[in-house]
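Shared between the two complexes below is subunit A, which has subunit B as its partner in the first and subunit C in the second.
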Partner chain A sequence: MALELQLDYFDMFGLPARFSLDDEELGRAYRDLQAVVHPDRFVNASDAERRVSMQQATQLNEAYRTLKDPVRRAAYLLRRQGIDPELDTNTSMPTAFLMEQMEWREAIEAASGSADSRELDQLSCRLGGELRRMYAQVGQQIDERGDFAGAAETVRKLMFLEKVSDQIGDAMESLEEGTGD
Partner chain B sequence: MAYSDKVIEHYENPRNVGSFDKGDESVGTGMVGAPACGDVMKLQIRVNDSGIIEDARFKTYGCGSAIASSSLVTEWVKGKSLEDAGNIRNTQIAEELALPPVKIHCSILAEDAIKAAITDYRKKHGLEQPAEQPACKAA
Partner chain C sequence: MALLQIAEPGESTAPHEHRLAIGIDLGTTNSLVATVRNGIAVVLNDHDGHSLLPSVVAYTKTGDVKVGFGAQAVQSRDPKNTIVSVKRFMGRGIKDVAHIENCPYDFVDAPGMLKIRTAAGMKSPVEVSAEILKALRSLAEEALIGNSGGKLVGAVVTVPAYFDDAQRQATKDAARLAGLNVLRLLNEPTAAAIAYGLDNAAEGVYAIYDLGGGTFDISVLRLSRGVFEVLATNGDAALGGDDFDHRLYCWVVEKAGLSLLSPGDTSALLVKVRETKEFLSAHTEARITAALSGGQTIDLAVTQLEFWEMTRNLVAKTLAPTRKAMRDAGLTAQDVKGVVMVGGATRMPHVQQAVAELFRQAPLNNLDPDKVVALGAAMQANVLAGNRSREDEWLLLDVIPLSLGIETMGGLVERIIPRNSTIPVARAQEFTTFRDGQTAMSVHVVQGDRDLVSDCRSLARFELRGIPPMTAGAARIRVTFQVDADGLLSVSAREATSGVEASVTVKPSYGLTDDQITQMLKDSYEHARDDVHARALREQQVEAERMSEATQAALREDADLLGLEEAETIMAELETLKRLAAGTDHRAIKLQIDAVNRVTEPFATRRMDRSVRRALAGRSVASIGS
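== the complex of A and B ==
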């Protein structure tokens, strides 16, 4: 067998277990490992070796996807600390936050309805600012303050905002398709 | 994934979409959200002097199952007492709509929404809180 992958994702890439992370360093470590475990290197190997290589490549990709994405990375760091971010079970977000989420979605709906792409651009810009603020917040909570309960709530909030971001993207796309015809 | 006929029926003809004035004394408002899918649900009840839910409204941003679950609950709670409405379980919603396992959380969201609306109404009227917590952890 070529290599034993570390189970912990941060150990796997030889990176410190922190939210703040150097994207380029992660990318480099990923490509280095990928070069070693990639199934293409095992075409002439035994069945068992090929199977291991496939499993390791899958494991490696999952680890990379998890650490590359800020929200997944934060959720992973929390689970590592034994904190469940309760993404599936915690439905009682602060009411003011949920009201804001309704407002975002209503604004997207209104802008799509009136085919107002400038408004969608503005929403996207505002949301981008909000997302950056929350990423910074969750970074502080995890790396500096060790406030994992607070970080769990921020992660839950980020899940909603990323959904809004997807919806703005979808709305822009369908407007472009509409005008392209 | 295929939606059941009942989900599609509620999705295409949602009952009781809209809002009541949340400042109205006879109105209870429940706002809940599911982080996993980013769905947001607002469910409101209008309660008469005898403590019976006369009318209900919802507004849900989410998938077909989330919309159908909240639509169904607004139908079910009409004419019920607060206590009976609070006894609606997500399993009943999931069964009625034939939700697949991956969509069970939509029915949990609807159960939590009606409970939150009842709690809001009770708070407004200084009524005692029931001992039971909203079933956030219910599978």
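== the complex of A and C ==
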């Protein structure tokens, strides 16, 4: 099955296998490639060609989805090194980090409990800053230091923080819903 | 010496040959066909110059089929065999169509999709739609090919953005049945955006406001790098231009002091008011004149302002879902770069004004709102047929409107492809067996954005058999979902250690109403509300139970205070309460609790009287004794 015939995602876009990449360039490469492989270009072609076109366009969509998102991109780079950051359950997260998670959660609960949307906004800004700092960190670990074990831990932390980000989003939405109607 | 011309491998040897392709807007009320001629999209007219084909199909005993105006003409004479608005039934079961009891048809439920018993036999909505598509196809073939002997390459057929897999599949089946090669199914709002040239150059958020004859749809799209992403959809399945006609009709009936009208007068007057409505879009005043069969004549003047006033709340009814869609998309009016107007009813200036006020900008309305979807479809068909050079071809990357997943333990949904994934898309997920020696596994595919299977639409069930007996958790079953560029799903499952394989092309096992789809989308944005709803429901259920027990205890004690009829009424209301409390509508339970309260009030008064009397009696006995 074509799905298992995996091409390297960076090779597909003709980009170096690095964490730091130019979003614009990735987007352009994606569009240029889709313009060639997309099923819309093969509506009158043979069944076999159409099948291949669908498989290629599907793979391209998957590759683009993976590379355009920083956390998915980092996780993919690590998997290329034989490390699965999501599977690694042996290493527990540092206590200090877990404490921070608790603090985030408590802050969100407090803000939504008192219906304080400005506090939620501030939390969101702070989290944004934290995420950017960690993107930079994981970039250094992968691209410059080749510290894949360290990068795997950063990726796991990022996955935690993304959940926090979702929680802030949910809290904001339920506040808006409460006052919206 | 003559030079030989050699074509590039893979390039057509006749590069200028124009391939005939059409775009079809298969609408609830009207359908249209368009094509690109000399680089310009045009709607094709029938012999009488009509561009709109009423989406009406009439069947006769002789097996004769009439489509469009011919069918519309016999509608009042033979409503049972004249199918209107068949789009509402596509990919739907009887239970799934709102207000189906108002339809004059003889419905027969069938697995997946209902059928209609007509004079010409049993017809599925797919077959009825195919008749409309056949009529459009022959119209196009006559206009484009005539006697030249060419051939239609294919068609792009539009569907509402919220259409799920079953509805899309049904639409594609209908087109195939009509002998059309479907180049692509295209979302209606996306087609409208293409017609306005919002494909390559424009980046940003666009709202597509579609007020048709009988339905209202609002879609919020984000365009970026040629990707059309549906951010939110909403609407009202029972609101359209016809309601504006009806308001004016009622006004005329009242003003002229008309009483019961004959069906002939009613339909004649409806035609008059529709003309008046259209006239008032460009004039400040209109006269309505008609001679009724009873000899009475009508001669009324109506101003544009009067008409706007009487229909103002209809316009307001479109704004609520529009605001809701914006909220669902997490956007405000300032985020919207443009508003595209679709549907004939958007010609009314007060509709335009209301939309302009809401979005704080003039809507895009320089294309004919009845034709814009068909024009966009034709432009896309032209690209797909390969009539444009690579440089000015655009690529349209669409997304799936609802998440796809499968049922897991406890009736929960494991989401496999999230909504808004760019298509085509494939995703695989591994599952394992639950019991030792388990040799079969059933896979239930659902579509929707809620966590519970019961809140999603069931698309298909299939069994994977022949799994070699292993200990629980040892088998590796890989389920792969593939969604093609039309948004249609196929699912396959494979056991990794043995290679046992099962695959299905998904066929619907039951349907949902459009309202439910909208609701599903809406709900997916409202997780926070779930708890509120669940709690409200639980509260009302507890209250209902308490109420039933108390009333029954009272009946046991003081049944002699009630007449037979009164007792029966109370029992009936309690029965209703019991039934509603088993459901999930907390408002309905609340209302029924109120109803039980009302019917038991006299009984409660009498019981109170008796208790008071008993108490009084006891005391007097006691005081006598002392």
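We adopt the following convention: the second predicted complex is superposed on the first by the 169 of 181 C-alpha atoms of A that agree within 3 Å, B and C clash if a C-alpha of one lies under 4 Å from a C-alpha of the other, contacts with A are read in each partner's own complex, and residues count from 1 in each chain.
Everything below uses one rule, namely that a contact is a pair of C-beta atoms (placed from the backbone, for glycine too) under 8 Å apart; a residue touches a chain by one contact, two chains touch by 3 or more.
Everything quoted here is computed from the prediction, not taken from an experiment.
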For this session: Figure out whether A:R126 sits in contact with subunit B (first) or subunit C (second), or with both, or with neither.
Result: neither
For this session: Identify the partner contact of A:P39: answer first if only subunit B is touched, second if only subunit C is, both if each is, neither if none is.
Result: second
For this session: Answer with first, second, both or neither: which of subunit B and subunit C does A:R51 touch in the superposed model?
Result: neither
Exercise. Who does A:Q101 touch here: subunit B (first), subunit C (second), both, or neither?
Worked result: first
For this session: May I ask you to decide whether A:R18 touches subunit B, subunit C, both, or neither, giving the answer as first, second, both or neither?
Result: neither
Exercise. Who does A:F160 touch here: subunit B (first), subunit C (second), both, or neither?
Worked result: first
Exercise. Thinking of the overlay built on chain A, is A:S92 touched by subunit B (first), by subunit C (second), by both, or by neither?
Worked result: first
Seminar exercise, completed: Seen from subunit B, its contact residues with subunit A in the complex are 31-38, 40, 42, 59, 61, 105, 108-109, 112, 116, 134, 136-137
For this session: Using the touch definition up top, name the residues of subunit A that touch subunit B in the complex.
Result: 85-93, 95, 97-99, 101-102, 105, 155-157, 159-160, 162-164, 166
Exercise. For subunit A, which residues count as touching subunit C in their complex?
Worked result: 1, 3, 27, 30-31, 34-35, 38-40, 43-44, 54, 57-58, 61-62, 64-65, 170-171, 173-174, 176-177, 180
Seminar exercise, completed: Listed in rising order, the residues of subunit C that touch subunit A in the complex are 19, 153-154, 183-184, 225-226, 327, 330, 383-386, 390, 393, 395-397, 421-426, 428, 480, 482, 484-485, 525-529
